[in-house]
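The letters A, B and C name the chains in turn, as written, and every chain counts its residues from 1.
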Amino acid sequence: MSEITFDDPQIQQTYRAIGEKSPFVYGLTNYIAANLSANVLLAAGAGPAIGAGADWPAVFPAGAAGVWINTAAVMSNPAEVLRTVAAVASEAGTPWVLDPVAHGAGAAEYDGVVKSLVELRPAVIRGNASELISLAGGATTGKGVETTAGSDDAVEHIERLARQSGAVVAVSGATDYITDGTRTVAVPGGDARLTKVTGAGCSLGALTAGAAAVIDDAFLAAVTAHAAYARAAELAAAQVGPTGGSGSFAVALVDGLYALAN
Amino acid sequence: MSEITFDDPQIQQTYRAIGEKSPFVYGLTNYIAANLSANVLLAAGAGPAIGAGADWPAVFPAGAAGVWINTAAVMSNPAEVLRTVAAVASEAGTPWVLDPVAHGAGAAEYDGVVKSLVELRPAVIRGNASELISLAGGATTGKGVETTAGSDDAVEHIERLARQSGAVVAVSGATDYITDGTRTVAVPGGDARLTKVTGAGCSLGALTAGAAAVIDDAFLAAVTAHAAYARAAELAAAQVGPTGGSGSFAVALVDGLYALAN
Amino acid sequence: MSEITFDDPQIQQTYRAIGEKSPFVYGLTNYIAANLSANVLLAAGAGPAIGAGADWPAVFPAGAAGVWINTAAVMSNPAEVLRTVAAVASEAGTPWVLDPVAHGAGAAEYDGVVKSLVELRPAVIRGNASELISLAGGATTGKGVETTAGSDDAVEHIERLARQSGAVVAVSGATDYITDGTRTVAVPGGDARLTKVTGAGCSLGALTAGAAAVIDDAFLAAVTAHAAYARAAELAAAQVGPTGGSGSFAVALVDGLYALAN
């Protein structure tokens, strides 16, 4: 399997296109991750708006260049609002990213909401190993929003999910993997402290929508977002040092994404 | 047009009165900006509470010394709750600040909610150029929550809006302008990275309510909040340097407001 | 009254057990404090999930090792959802922490929601002096979410509340006090800037649930969380210096909790 990092010129070019085009990117997400998700998109150069304010769900997905839906948004919105955003985006041809946070952690009704969104043609599905293995029909192993499986164990599952759904699928972990069902690439790197920052995964979903907003290639967009995130985490690790705390690391992660864009 | 900065002794005195009086300031805002808005008010010395917990909207605006309503709060609350908070504040004589985030971005129902709040006698209306031009009856040019117009272009519009509404109106941008419809002042300074920090504008609305809570002069309160914010952004820029990232800048902005108060 | 700090080996051992066992801790809280609460638990080594996504309230409290409910969660959830989480936790034997934020600030309906939760057998109740004096039947003195009383004034009240409710009760202040109604200990230290960081108290409630998740002794769990928080605040104060701002202090607080766990 080939490896791709932010050293790849095409990846750098795609990431910098976010800052050059400054696309409007609209998202529904949970309130734990909303602030970091918006700051990640702003650091990369996009113009994010989040949330279902009155008729925003009916209007903004059509006007936006990219959309993301983190399914934990159901803690603030009826499931029907999530489906409206997905349907309006699909109808308008706006690429949208599905982040099935906590799928497979034992909440059957919630898992049903996630599955209903897969039907609405996301361009990309991203999550951790437990979530994606479960969504692909494998075992359910999640513990709340945390994974209990490694990303290596998820590769065959995400390839199956990609073929089933027609979406590009990306799994985060020690190494990230991105597949369209026929080709799969590995994105190495990053830093273990990403798992100590709440919403770091959710914000990667937002950044994936930011990349999909500027290039008509969902696979390249997903790889770009993951490679930029891994590099930004490495820059953050260098900034705060190996024993730097998770608070400083979170701040430095946003700085890293900003530095890569400027 | 005259320029005012934080060098003005009356501005410094008004800002420091927030810390001396430690007023209770109550707000409804969106969950993306809520954390930063509260931290901005705490740094300045106020005691903020945010959100519509049970009967808070009926009780807290009367007990508070200042109130702010960011209309994106409709993502968590029925529009009627926003109107209740505005009405209770007006009835009790508590000055309240309206922040019409994303007005004019194409969501007609949402824009109607904003307009209904203008009727409830805000002491101050603050926003970016696109929002305020649209609210004053000019063109609708917003892209989600971002402006596509400069603050210079908004001056005549905010002067008209001030005369129409009876409120002091303040527009944020490279230079901020504040008007009561007859006199208009410019607040220069700040830093471009303010546009890379989610909720930075929303939090300026909160700070404006904090200033209005300690002085019975909405114009001076609005100028104070904007001048303190601009100076805090300059302190932040000095702390993180010209190439410092937007993550560190956001932290340093709060530090700047804290330093000005202590 | 005896004093306990993080120097106590049993306290250190209990705190480090959070990182060793990495328990799933589930919470309902307000959206102002949600991000910091999750980051505090992650820094200590727990795996948090927050919010009422579809059937999470019916499922997650039984699967979790610890639960916390910050009653300002009613700004996003019907009161019945808070009671469901409390009841499912009690039924499953999962220890849960009640944080009665803003009780006694004048909102009678809200105060009634808080009281209904006390009936559902929390293992620990934590808050500031105004909240707990009021909840114990003393005077109502709160100003929004801020206290107007000192923690020293609350001691007799929290001892009474502990005997009434059967819960361990902890009050935060210049010195923290923790009691089970018969024995009371003081946890000194910390830093005044904790009161300048929004959600710092709420996040201490989350950390208390994290400690209760790894040891079957609610009193020791509450003392551990408070002693670790006080020490982390001292580490943060040392990191940012005596004049360091509240923005940097908030980041350093999370770093401090991370350092104590690693």
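What we mean here is this: contacts are C-beta pairs under 8 Å (C-beta built on N, C-alpha and C of every residue); 3 or more make two chains touch, one makes a residue touch a chain.
On a predicted model such as this, the values are computed, not experimentally measured, just so you know.
Under the stated contact rule, the graph of chain-to-chain touches is complete, every pair of chains being in contact.
It takes 120 degrees of rotation, in steps of 5, to superpose the Cα atoms of chain A onto those of chain B. With centres defined as mean CA coordinates, chain C is found 31 Å away from chain B.
For chain B, the set of residues that touch two or more other chains comprises 31, 35, 76, 250-251.
Interface residues of chain C facing chain A in the complex, by the touch rule stated above, are 24, 26, 31, 34-35, 38-39, 42-43, 47-56, 58-60, 63-64, 76, 250-259, 262.
Interface of chain C with chain B (complex): residues 30-33, 35-36, 71-72, 74-76, 79, 102, 105-110, 113, 143-146, 195-199, 243-248, 250-251.
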